[in-house]
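Letters are used for the chains, namely A, B and C, taken in the order the chains are written, and counting of residues starts over at 1 for each.
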Amino acid sequence: MQQTNRLRPFFENITFERDDNELVLNFGPQHPSAHGQLRLMLHLQQEQIVKAHPDVGYLHRGMEKMAENMIYNEFMPTTDRMDYIASSSNNYGFALAVEKLIGLEVPRRAKVIRMMLLEINRLMSHLFWLATTALDIGAMTVFLYAFREREYLMDLVEDYCGARLTHAAIRIGGVPLDIPDNFLGDLKKFLDKLPENIKDYEDLLDQNRIWKMRMENVGVIPTEMALSWGCTGPMLRASGVKWDIRKEEPYELYDEVDFDIPWSDRGDNYARYKIYMAEMRESAKILYQTIDMYNETVKNNQTELMAHAPQYISAPKLDIMTQNYSLMQHFVLVTQGMRPPVGEVYAATESPKGELGYFIRSEGGPYPYRLKVRAPSFWHTGILTDLLPGHYIPDVVSIIGTTNIVFGEVDR
Amino acid sequence: MAQHQVNYAQDGGLPVALTTVDKVVNWGRSNSLWALTYGLACCGIEMMASGASRYDFDRFGTIFRASPRQAELMIVAGTLTKKHAEFIRRLYDQMTEPKWVISMGSCANTGGMFNTYATVQGVDRVIPVDLYLPGCAPRPETLQYAVMMLQKKIRREKAIKAQKPKRLM
Amino acid sequence: MRRYTPKDDVQKKPYYTDRYWVAPQVPKYPVEEDEVFAEDLKAIKKKFKVDDAYIQVEQMVVYIRSEDNFGVLQLMRDELGYTQLSELSAIDRLAERGQFEVFYQMLSMQKRKRVRVKMLIDEHEAVNSVEKLFRSADWAEREMYDMFGIKLNNHPFPKRILMPDDWEGFPLRKTYPLQGDEFAAWYEVDKIFGKEARDIIGPELRDSAMVDRYDTKRFARLGHEVPYGAEFKADQPETPLGYQEEEGVFMIEKFDEEKSVVISDRDR
């Protein structure tokens, strides 16, 4: 039985009597192919879009405000919920920003483990992108296959940190745990099989007539537009700018590993699809190298996982349990929080979606005075304003798909 | 024309099973819970994972539908914000009776970790909820368990009953 | 007497700070230490007034006058090669000095350098929009307006972006409490059911640690469930949880744990 409430039919955006034959179509905020809570107001001329107004904020949870009321370590699990498809990359971005603020150097083994997690997250995110985009366009088979591989990656992450989706696997100053025994073997097994799997997806999609019709020459982003809208990551690389922060401003050990940056100058959906596929191969390449790097640290007996900075970082568990001073430090750090120096930092990392930057202003207190997250998806949603006009309604879905937006990150 | 004598009461004589209307209707309802895709945030990803290859939700008869008019189960998966609250009520009103709601994850249950100005502190402030599923984010197995618990709840209901409003408003 | 709490900054405060504790500083370096930055700064100084400039954490920070922001960003984009505006937002410093600090985070891909252009504006001062230079500023400035209430000149669509259009207050100001004000607390109830429903639905429960085992309207105990609103007795008999009834389910085979197979080694 329906209950009464004050909600009336939603016509406030629709003008019934107009001179032109323009139709206003509301898309979302709960649309199965909007990849979350995107709402689009589309002005249509027959089936062609003449004006598009993306409306976001349906997942605005006030994370920046939360950050101002939390000690630095407390905020780490909240970053997980930002780009929840690749949570470790958010953790890492935040940890890096705070480490730059303090001026910490992370031990080598922690760096290797971080890189492993980051690349596993990149693979997870790209597989998820492939699955959902293919599903939106109608390729259900690819969805099922891509999710199968993604589950194996989730098993790996679960072996490491115990969580499937929201990892919180990176701490400020290092990583909390060493990798478990079976991890490297399982990772290798997965990586050996991955090229076959990627080839399967490509066999299904690359020359598929429907896929090509929905992807080729649809959603073309010229270079100027991409730069002007602040696009980063695969969106920018598909538009002819070879820019990857891992290569240009290397963080962690990315300057030691060998990998290529796939890019294209076509700027359409198909180019973005090809870049995602190529990036998965590159990630696998990096992961193979990190396995060797990890074994090297084992050989050199570099067992440290957290940086040594008693003012900011708790001592290892063994010290806390055996040494009085470490226990005192730990108590202060947990109850009051670390107090980074006064200053500002902006640290940019290459998350699977693009440039993920954290701007932190510290006033010397245990709470950040201001924390701003530069989330790539925010601008990739904004570009829809300029990108959609001229396209047809069915193209909207494929364009939203290839922009790879996640709303936890857009709205924060 | 041959005159066969059929003993209907005999076991295996004809594919006939005797039962009550209640049981048949509830059997049908509980095993074809078509869910509305209501992925709001992180839990929505786990909801998708439970629909995908490894956790295969279809074997419970739960198929995700995009339209509220074809759905009878709303799995509210994720944080409900104040801006979105109006739309969840709208979609809930559009679903046809009988309808059930699973609130999936801490955010949907109580607001969870997002104790802020922009988050609705529990979807039960807006729509009535049948089953609360804790976790942040709950694993797909947990969601499947929740659906099975809901099936159990449905089996206890009377099929033909005067529809009475659920407790909210 | 009740202790006085400041109203201009209601964010969480550390409950204890050592009397002799002096906060260390993130080191600032003069701009001359980096050739590229020094040249950029010279070019900006030629045309505009620069209040302060230094390098902090590998990035140059330049303080400019608020009326120059369009000009400086145009110069940087067209002549200095800073082709991307990565981020734009504000910092609330009203409590301290009655001003907002607006920052523009710029990126040059040729030089691989990042510059932060900053300016101070008064509380009611409007900012010139840079949307004509960088389209990304369109949304960023809307977000800035939404969160801080900073007004914009020449913006094509100056509306709220993250919060609903009819929202009151600017959430990221320091005067705005984390859990919202009166308006925020009742927003969804007022909108959907009307103000008269406030009594029926009740206030929000903001204490995340609150658990009352005898409140059977809000809490249930696994294995000891009672109907909604019924009284909970101390010696409540156990009601075992299970997703199938003991006597079995109509037309559905009962799950038998002994017959099931557990796959331990997944085929990776």
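The rule is simple: a residue touches a chain if its C-beta (ideal position, glycine included) is under 8 Å from a C-beta of that chain, and two chains touch if they have at least 3 such contacts.
Small disclaimer: the values here were computed from a predicted structure and weren't measured.
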Query = Quick check: more C-beta contact pairs in B-C or A-C?
reply = A-C
Chain centroid nearest the full-protein CA centroid = A
Averaged-CA centre spacing for the pair chain C and chain B, given as whole angstrom = 33
Query = What is the distance in Å between the mean C-alpha positions of chain A and chain C?
reply = 17
Note = Note: chain C residues in touch with at least two other chains are 163-164, 171, 176, 178, 191-193
Query = In chain A, which residues are in touch with two or more of the other chains?
reply = 5, 7, 57, 60, 62, 65-66, 411
Ask   = On chain B, where are the residues touching two or more other chains?
value = 83, 86, 89, 116-118, 168-169
Remark   = chain C contacts chain B in the complex at 163-164, 171, 176-181, 184, 187-189, 191-193, 197, 200-201, 204-206, 208, 228, 241-245, 249-252
Ask   = Which residues of chain A touch chain B in the complex?
value = 1-5, 7, 10, 29-32, 36-37, 57-62, 65-66, 77-78, 80-81, 84-85, 128, 131-132, 143-145, 147-148, 150-151, 154, 164-166, 407-408, 411
Query = Okay, in this complex, where on chain A does chain C touch?
reply = 5-7, 56-57, 60, 62, 64-66, 68-70, 100-101, 103, 152, 155, 186, 189-190, 193, 225, 227-230, 232, 241, 243, 248-249, 336-337, 339, 341-348, 355, 357, 359, 361-367, 369-370, 372, 374, 378-379, 381-383, 385-386, 411
Note = Within their complex, chain C touches chain A through residues 11-17, 21, 23-26, 28, 56-57, 59, 61, 83-87, 89, 91-92, 103, 105, 109, 112, 114, 116, 134-136, 138-139, 147, 160-164, 171-172, 176, 178, 191-194, 266, 268
Inquiry  = List the residues on chain B that touch chain A in their complex, please.
reply    = 37-42, 44-46, 48-49, 52-54, 64, 66, 78-79, 81, 83-84, 86-91, 93, 97, 113-114, 116-119, 136-137, 139, 163-165, 168-169
